[in-house]
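The first chain written gets the first letter, and so on, giving A, B and C; residue counts start at 1 in each chain.
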């Protein structure tokens, strides 16, 4: 039996004893009252109507059969609808709106066909299959002492037979070989999974003189196009012909903001801007989502992912949220034709922080 | 069921009575409340009648000359488009002070709005009410989609269902908004919205965006109920409440004793 | 072999060889029997099959939660396999020219395009995709509620600690499987999630930038991440999940299922219904019910409408960027963790504001969860096998700790939806974030305390219920003019469930005296153990004993007698049925009372059983 002690309530044998009066004070009892309640055993079985009444059983049978029958009908509906309903048909379904009729009909018919099998099977079990509870005995998980001894005996005698205990050279070199053999596999994977970052995270596509162009139209922007309160989503000209367009875009995305220079409180920001416009990296310094929400009345840039907020009048310093560093600024000026160009690349790495960032 | 009267001393009775009273009062008010006063019929001179309307309805906040008052900003340079948008969507006159003006019941007739717009346009050059051909929504839906995702989705959500800004401000839902108002909002940059002038988004671009939004208004939900197009949050709520609820319901039924 | 047949030819040669072990001649079998016999002769399957078919499973709806997870897994494997026939795991750029108008002519990855094709141009593709994703959500939901059920009922105690650890690992694998799965279509929302993931990896101290370049094969986004996620999602994680899950249910079969305490149920038996035919029908049926409900949801409610999100581009984003629900707690942690914790040390940047919430919180929470059975067994010192479940109220500290953990998790989870809460309820995201940051510290201990007090109150309620029974609403007026309400004692079967629990007491340090007579108070570890044990078990409401029950029916001051059990029969004919059930000392009536007429002992005392 199991090792526990008092899990089931008291095991004392009790005999009808003599009565004691409470006003007699402390009396040593004869063990008449049990220490704990005992398990009364399974409650008496209550039969179901289908157990007693053949008509009820028949009714249950018909219900189960009806459910299975509905399932079969639904399957047929699916098979027909698969061919009959065109993919592009949209119908107005009450409560949903314009839905793809094919999806709705195929889905509902399949769903009903599956569901009714389940409902039928469960209903059958509940009403017709026996519901008298049965008890199965448990046995302790622990193996018998003999089995344990046998196992230990087999293992130790095998070890002795292998002579590994007497052969230290084998033992140590085996350990060495087994310990090392997986290294080539690990090395191949780790070494070839990807290139070394080198300067990858610290440099972007921006160079001196590159025009700022609209994303995705790729058209350059004249300084006069930028009015107060306007926003342009910008990438460097020529980026669409680079070898890795998306990867370069992921670092070079910039947001160009038209803001009254008088509101800017950091001299460096004004110096790197041009007139009433400034350009900042659009890649959030938290984990890299594009910071595109510009609130032009409060001059705040909000990142939609984790709500980091940057103040454009304060050189995009973080004023709320989990980011730490301000957005890097791109120095801009105009070229001879009046189009906005970068004065240089970024002066610091853009995007999320990394160990070597400095 | 016992007679209703026998429940009159039930502790909840007073609450029910209060609720009934409130509902009755509110309902009667909304039925019988006076309609907002209609200003005088517009005269042939829109600017003059616009000025009259302005003085009566807007000058308290925006100043007698429309150049700003204690509460309202200067309207010089906002253009007719701004007036048409703000007043046409009921944002103005501002119903109550708050973080931002929300779309509301429209208080003026189309003619009155046109007059107001004409007057404010004289205060300074600004965006004009757009041509109907630019707001028809007959442009390139795919191009509009691309532009929308680049310029608009980060505030208004991928399907225009709206999004949160800082300090309680929000970018409203764009469902079932007329092309004219969409255009004007882009051109004038109301509240926190940036200004998308003609060089940022050309009239054709704006028309494309309108086309995309009107496509969404057709409410084609290939997959079924769209749960507000708010993304995985509403899907998660649905699966926890409805999905798990149904499963547990089935499990409870499965484990229960039959009659 | 028919002894009368005369073997010819090759058969004649064979007949001379030893024909090998022969089964005894049997009566001709039915077709099924013949097949079973064929298999049995080759695999000896009769005994294990009989063992399995006779297995008894207890019947309670909360035991079905793990089954929902199991069936969802099967649905995921089936629908997932179908999807791989059409999905193209490639990041190569193509121009779309399918049926969805708003994306015609737009450049996108092959992965996204193939997902659009599945949704619009493959017959039945959309329903398959939606079933797959809804099943994934249900999988993670049911794993979570199953884990909660196992925790709160103490089903992780010996011998099931291994299974609990396996389950914790399965849960972690499941949510990562989900993450890799919904990132495959390379849409705007999941692509934003991948971008954030790259940011997390970058934040790892020292090796972050190398790790990021290894995982993405270069700078983000790269062309490798989609095919690599595909391998992880379709090959690696499912293999691990299936392997661990098989071990999980084999252990359930070996340990046999736990059961709730009740009349007839002991720690040494399993009471329920046999697999054949009852549970075969119920479980099999439940599989179809789960599949059916999932399919109906997929038919009527859209999920992951990637056509609306559009293809991913690193310069685009959407308001309301959240991961699927099961990653919500990690996203919320990122939103709540203050940005202050990024440091510059000797020219190196340590970004704890990203590293901790993204890469530490999840493994930490799961490790604590996985270690809990061992913590609790260290605290209780209990080495017995437990097959009877605890009612949560009977383990108040454990239940309180669970509530504390869930409240912590829930606050993180709610934080992930802060911008949607802001627009739906008209609140400010800034205020929501600040409030949740405070709540994260304040609410869990509060939840612990409130839950524990509720458990103790429920235990006292049970205690009172056993002692005094249910009020029956019948008032009896005695001759002296006092009124008493008759209480119905609890029937024996109902009472058992309320009194069967064992109340553990705190471990005591045994102070020993060493050779010089100095008291040794035990090592630091032992002292800690006693302290924690006391924290766990100091409060407790022990179960009602028979002596207490009898005492409750005799206030004792009038010197009534306590009798030992005489059997459950009535106390003699003609005794009124409310005798012994009167409340508030009504039993102190003198024997001359009009209502007297019983023989001292009033309540049927517990019947002695061996």
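Some points to look at:
The definition used in the following text is that a residue touches a chain if its C-beta (ideal position, glycine included) is under 8 Å from a C-beta of that chain, and two chains touch if they have at least 3 such contacts.
Note that the structure is a prediction, hence the values are computed from the model and not measured.
Comparing chain pairs B-C and A-C, the larger number of C-beta contacts belongs to A-C.
Ranked by how close its mean Cα position lies to the mean of all protein Cα atoms, the top chain is A. The geometric centre of chain A is 34 Å away from that of chain B, both derived from CA atoms.
Computed from the mean C-alpha positions, the centre of chain B lies at a distance of 44 Å from the centre of chain C.
Taking each chain's centre as the mean of its C-alpha atoms, chain A lies 18 Å from chain C.
Across the assembly, chain A contributes residues 93, 96, 100, 103-104, 107, 118, 122, 126, 131, 215, 233, 290, 292-293, 304, 307, 320 that each touch 2 or more other chains. Chain contacts: chain B has residues 146, 150, 154-155, 163, 165-167, 171, 221-226, 250, 254 touching two or more partner chains. Of all residues in chain C, those that touch two or more other chains are 59, 120, 126, 130, 282, 285-286, 289-290, 293-294, 298-300, 313, 315-321, 418-419, 429-430.
Per the touch definition, chain A reaches chain B in the complex via residues 46, 48-50, 90, 93, 95-100, 103-104, 107, 118, 122, 126-127, 131, 214-216, 221-222, 225-233, 258, 290, 292-298, 300, 302, 304, 307, 309, 320. Within the complex formed with chain B, the chain C residues making contact are 59-65, 68, 101-106, 119-120, 126, 130, 134, 137-138, 141-142, 145, 188-189, 282, 285-286, 289-290, 293-294, 297-305, 307-310, 313, 315-325, 328, 416-420, 422-423, 426-431. Contacts from chain B toward chain A in the complex involve residues 146-147, 150-151, 154-155, 163, 165-167, 169, 171, 189, 191-197, 199-200, 218-226, 250, 253-254, 256-259.
Across the complex, chain C is touched by residues 1-9, 11-17, 19-23, 30, 32-43, 82, 87-88, 93, 96, 100, 102-104, 106-108, 110-122, 124-126, 129-131, 133-138, 140-141, 190, 193-197, 200-201, 215, 233, 235, 244, 246-247, 249-251, 253, 282, 286-290, 292-293, 304-308, 318, 320-325, 351-358 of chain A. Looking at the complex, you find that chain B touches chain C at residues 99, 141-142, 144-146, 149-150, 153-159, 161-168, 170-171, 212, 215, 221-227, 229-233, 235-236, 238-240, 242-244, 246-248, 250-252, 254-255.
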